[in-house]
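Next come two complexes built around chain A: one with chain B, the other with chain C.
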Partner chain A sequence: MSHIKLLSAVALSALLLLVGCGKKEGEAVGVVGDEILVGEFGSMTGNEATFGISTHQGIELAIEEINAAGGVKGKKIKLISLDDQGKPEEAVTAATKLITQDNVIALLGEVASSRSLAAAPIAQQYKIPMLSPSSTNQKVTEVGDYIFRVCFIDPFQGTVMAKFAHDHLNVKKVAVIYDVKSDYSVGLAKFFKETFTGLGGEIIAEQTYSGNDIDFKAQLTSIKTVKPEAIFIPGYYTEVGLLARQARGLGIEVPLLGGDGWDSSKLYEIGQEAIMGGYFSNHYTTDSDDPRVRQFMEAFKNKYTVFPDGLAAMGYDAAKVLADAIERSESLTPEGIRNALATTKGFAGVTGVITMDENRNPTKSAVVVQVAGTTNKYVTTIQPL
Partner chain B sequence: MHTIRRTFGLPLLMLVVFGVLDWFFPKMFDLYIQTLIIYCGINMILAVSLNLVNGFTGQFSIGHAGFMAVGAYISAFLSVSFPNWAGPFINLNFFLNTVIGGLFAAVAGYCVGLPSLRLKGDYLAIVTLGFGEIIRVLLLNVDAVGGARGLYGIPKYSTLFWTLTWVFICCFTIVRLMRSTHGRAFLAVREDEIAAEAVGIPTTRYKVIAFVISAFFAGIAGSIFAHFLSYLNPSIFTFLKSFDVVVMVVLGGMGSISGSCVAAILITLLPEALRPLQEITKIDFRMILYSLTLIVLMLTKPQGLFGSLEISDLWKKYVRRSASN
Partner chain C sequence: MEEFLQHVINGVSLGSIYALIALGYTMVYGILQLINFAHSDVYMVGAFVGFYAARFLNIADSPSYTSFFTILLIAMAGCALLGFSIERFAYRPLRNAPRLNVLITAIGVSLFLEYTGQVVFGATPQLFPNILEDSIIFSFGGARVTKMDATILVTAVGLMIVLRHIIQNTLLGKAMRATSFNRHWASLMGISVDRIISMTFIIGSALAGAGAVLVGMKYPKIEPLMGVMIGLKAFVAAVLGGIGNIPGAVLGGLVIGIAEEFVVGYISSTYRDALAFSILIVILLFRPAGLLGRFSVEKV
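Let's turn to the complex of A and B:
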């Protein structure tokens, strides 16, 4: 029996050693030789692995391009990516490791607001700038003055769709059905309702469902009785696809509206004909004739053999915005980069022209696209308020 | 004098030791190592407390994350909504909030345990699983604690000292409990319920007691977790979290407190220790290797690392064997 104890003791000390090694002392933060260390943490595994991987690919591509073009400040950027399994507590561990063990100069991450909210206090505590590619929850950047993002926030998407419904579709009575389990969905629904009623419209029905639900007939039947002119469904593509099919099955033929959670080729696979013609707000559109977007899509397709989704574009832009800030910073320190990030102005990314406001949120335009099979058709661009 | 030393000697000594460690550790290790130690501590409390139900009393609960959520949310809500309600001392507030969180979890344990502990085996497992999900869905729908958006801005009160102190209180309580009459009753329930009933042990009552104590410490662990992460989201407390704890208990050995502790440390550190491997090879097989390790461990030692023995038992065996050689 005793060898078990000895073995486990040895294994444990080995573990501790492995965990403990790699601490570097006496170097400027985040610069090793002619390399600048940038950390990335994301959900490379777990339930939301596709989000993490898409973003990672976007970031990787951007950094490859930057380094190929000579890097920033004469130095190459070295990306250190850590997986957080899609868990907030792991995001904290990953961010802490990147800051204290790997001595990165800036952080890129996380996709989901829940993980960004958990990790942001660490970045703020160590005064390391953190740039989130796609955490849309308002609270993320409120954590502190070192936390930034390159995506628009939930209120804006809700507002965009409310404006779109009111101005472009000319509807007055709208029903809302949202995922009560998702902070994203709840946030979008809230701001849609506020803006739409503010514009003089009326929310005539409000229903909820839970992520992973597959049957929505009860809610839809109730919505059908009040005869809305459009339905706003700020959910994720799986449920939206099913919802659309069941709505059409019940004879509801009004337009369906949504947010960037619709952005997946799976949406059409699930929703089929029912989802055709639905409108949703997005960060960018592959339908664009902007040369930057075309070039990005080309490069992405060459490297990964698939077309980039919105998250990949956000990751790409986040890395480019960060590189731009490092280039413009007066000193190669976390503080210098923070100050440069805060003064980002008119940066032309693939997801729009990014200018940081005083709350470290970008003001940028959103596009509204229409589902046309597995691809989407560009409809209009809605400018920031 | 002798009894006083016997009763209070160890706890007081440990408090001093933890105080010194708390002062000493931040100077020696960076936040990353401290984070891992605190996660180890939280998981140790969870595993040891679940062991009381799953290991010692022989019931099968997979709703531990639910009790953890109750403790986490109640204590965090108190810290956020009523800062410094018990006076200007942060540590006093944190201690009281944690205890209140634990008590609420214990009440939840009582409410679940009383009707459902008449069930056995799989049926009990399903009830506890259901309970965990009910708690999570409730939290999703309570706007006062942020609902799906989560509860943020929780003050970072959790320190190394508090984590280690609660680990000690938890282990100490359960070790002492298991050596008492009540502990024997728990074991009797596990070994043979009918025989236990026949010798006059109120089996349901003992099962409920085990459940309530276990839930209390799960709530404590939740509070430490909440005040360390400073952000809570109902999606943290899915049944997967419960399974993590069950894995620790099974891996360490059902009915071994030191086994649960070692397994909790192992499972917390293993994914982290595998990180450098991923950085070197650029392939993400961390989780595969982690799962593989668990499978190999279970195949080679199905009764868990320690079986139902404690470290002290193993040590005694080792000494005895060395002496006979």
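Let's turn to the complex of A and C:
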């Protein structure tokens, strides 16, 4: 425990140093010669490393394509990536460093809502536009008018799964177990509960766990006694995999439901048979015949030899939306890009058609997929409300 | 009733793992009066030794008792070697230094192992190989006892019986007890104190290795910081039972394991970690020697 205190003290003093330095006057922000500097921060290592890495690959691919096609405003985009190890305090440090030392013109990041929430005030303070590829918690863009995202928000994901459970699975009694330490998980659980009870269903058990826990048997034992018809687990894949195993071990055989935090090939690696047949909402599916999606999948497969997951697609779309905004902006300044981002309309990405609303959130559809080994099967599409 | 029984089963299974790790803390403390903070990281290394051994021997996907015992023995041997080295190179040179120096060294060794682990093994969680197929042995009502839970309990209890036998009935055990009682007098009686201390580290660390394989099997997600929380809990278990007292460590582990399951099951998971530390505070306030510990008045 004392290690953590020491580390945060070091991080804090480093932060103070950085803030103290500030920017030099008169220098054009984010443009060096014929390169436009764009910063990215993500969890390249740590508990949710596959999220950060997938997103990074998507972003990298998009920027490569943009530069190969001549760049934006006659200049190439240069990506500067930093690892935040999946820790909110490191995300703050990374965002500060990208803005004050690397002088980036815009930020791409983060995947997890808790880390986007930590870094967003920094971007807002320096008035640098920040575009999150996949932070779905509502509060993220509420931080200020420089914070955007290209994914749908938690109310929608919670609503989608509640509708799906009610309309497609025809279940009436559902248990919910969520990660109290994660803003993302708490948000999804809240909106699932509201919508599901609104549709006439009943939440018969509500349990919590903390990220990094490995033992969930006590909670699952309590859930088992009330005999739910389905369990909603809006967590991340590492815990969900273990949770599913322990649930099946205790003899809970009902369908498991979740959100896009399940989207990782590691989910099946950890959960094995136990997670098969689980349903989760996602931004896109590789099980699609949209030509844009097919083309993206081909390009991604050629570059990285694997098929892209949802987060890679979100990273790809985020970089493309940003490049589109830079191209459309009146001046090559953070403010110009912000204004262009805010007026994004009908942008056809691989995860759907993106139009920014007045709260800097896009309106778009969600898909529900079913876990079938390391791949997922398309089940249905649920339209925005 | 069914729920209650299942909580007890889960708690005993978790508690027997805490107990195995707590034994390592208590044995070292009993002999050196040192809280070996590196113990929880020896446990972490044990999990990775098991992980790589299973890969190397190509038994990662052939679950059977043979695989299980092979991996168990390799991890125990790996941890024994690591425990021996830590004592030999980090603690022995400080044998006559003030106790605080050794304690700080122990924290240093712990940090060294954690962060070297992140470099060598990577910070990304790894999946512990499937070395034992899980199935249900029997269920009464709806409460189930799985093969995994039973194996964990039997292995843990078996190792504890072996340990008790070594300590109570062998010459080595007699020497360990003598060293624990009074190191200087023991050396006057012709006991090689350094050798006995090495043996204590070897045995304690091997138990941590066994604990690591059992945990890895049941909760197959391993990472370099996995020892931190479970190590703290095991330490609390050792203090609860009376640090330095071997049956106490076992009792403490079981009490904490069962109490945790009940708190999470009937109140809220938020209190899971708070519980262990609340127990620690209460014990230190009202019964500082622990449940089975005896007060010893220091003679001047």
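Operating definition for what follows: the second predicted complex is superposed on the first by the 344 of 385 C-alpha atoms of A that agree within 3 Å, B and C clash if a C-alpha of one lies under 4 Å from a C-alpha of the other, contacts with A are read in each partner's own complex, and residues count from 1 in each chain.
The working rule: a contact is a pair of C-beta atoms (placed from the backbone, for glycine too) under 8 Å apart; a residue touches a chain by one contact, two chains touch by 3 or more.
These figures come from a predicted structure and were not determined experimentally.
J.: Check the residue A:T333 against both partner chains and state whether it touches chain B (first), chain C (second), both, or neither.
T.: neither
J.: Contact-wise, after the overlay, does A:Q85 reach chain B, chain C, both or neither (first, second, both, neither)?
T.: both
J.: For A:P121, using the defined touch cut-off, is the partner it touches chain B, chain C, both, or neither? Pick first, second, both or neither.
T.: The first partner, chain B, only.
J.: Which partner does A:V180 contact after superposing on A: first (chain B), second (chain C), both, neither?
T.: both
J.: In the superposed arrangement, does A:T45 touch chain B (first), chain C (second), both or neither?
T.: Both partners.
J.: Once the structures are superposed on A, label A:D215 by its partner contacts, choosing first (chain B), second (chain C), both or neither.
T.: In the superposition, A:D215 touches chain C alone.
J.: Tell me which partner A:S265 touches in the superposition: chain B (first), chain C (second), both or neither.
T.: In the superposed model, A:S265 contacts neither chain B nor chain C.
J.: Which of the two partners, first being chain B and second being chain C, lies in contact with A:Q207: first, second, both, or neither?
T.: second
J.: Looking only at contacts as defined up top, I'd like to know whether chain B or chain C touches more of chain A.
T.: After superposing on chain A, more of chain A is contacted by B.
J.: Would you mind listing the overlap between the chain B footprint and the chain C footprint on chain A?
T.: The answer is residues 1-2, 45, 85, 180, 210 of chain A.
J.: Would you pull the chain C residues touching chain A in the complex into a rising list?
T.: Going by the criterion above, the answer is residues 2-3, 6-7, 10, 14, 107, 111, 114, 118, 122-125, 127, 130, 134, 136, 139, 142, 144, 146, 148, 215, 219-221, 223, 228-229, 232, 260-266, 268-270, 272-273.
J.: Touching chain B in the complex: which residues of chain A?
T.: 1-2, 4-5, 8, 11-12, 14-16, 18-23, 44-45, 80, 82-83, 85, 87-90, 92-93, 96-97, 99-101, 114, 117-118, 121-122, 126, 137, 139, 179-183, 185-187, 210
J.: With touch defined as at the start, can you tell me which chain A residues reach chain C in the complex?
T.: Where chain A meets chain C, its residues are 1-3, 45-47, 49-50, 85, 180, 207-210, 212-215, 217-219, 221-222, 224-225, 238, 241-242, 245, 249-251, 266, 269-270, 272.
J.: Given the complex with chain A, which residues does chain B contribute to the contact?
T.: My answer: residues 29-33, 35-36, 39, 137, 140-141, 147-150, 152, 156, 225, 229-231, 233-236, 262, 265-266, 269-273, 275-276, 278-279, 284, 286-287, 301, 305-306, 309, 311, 314-315, 317-318, 321.
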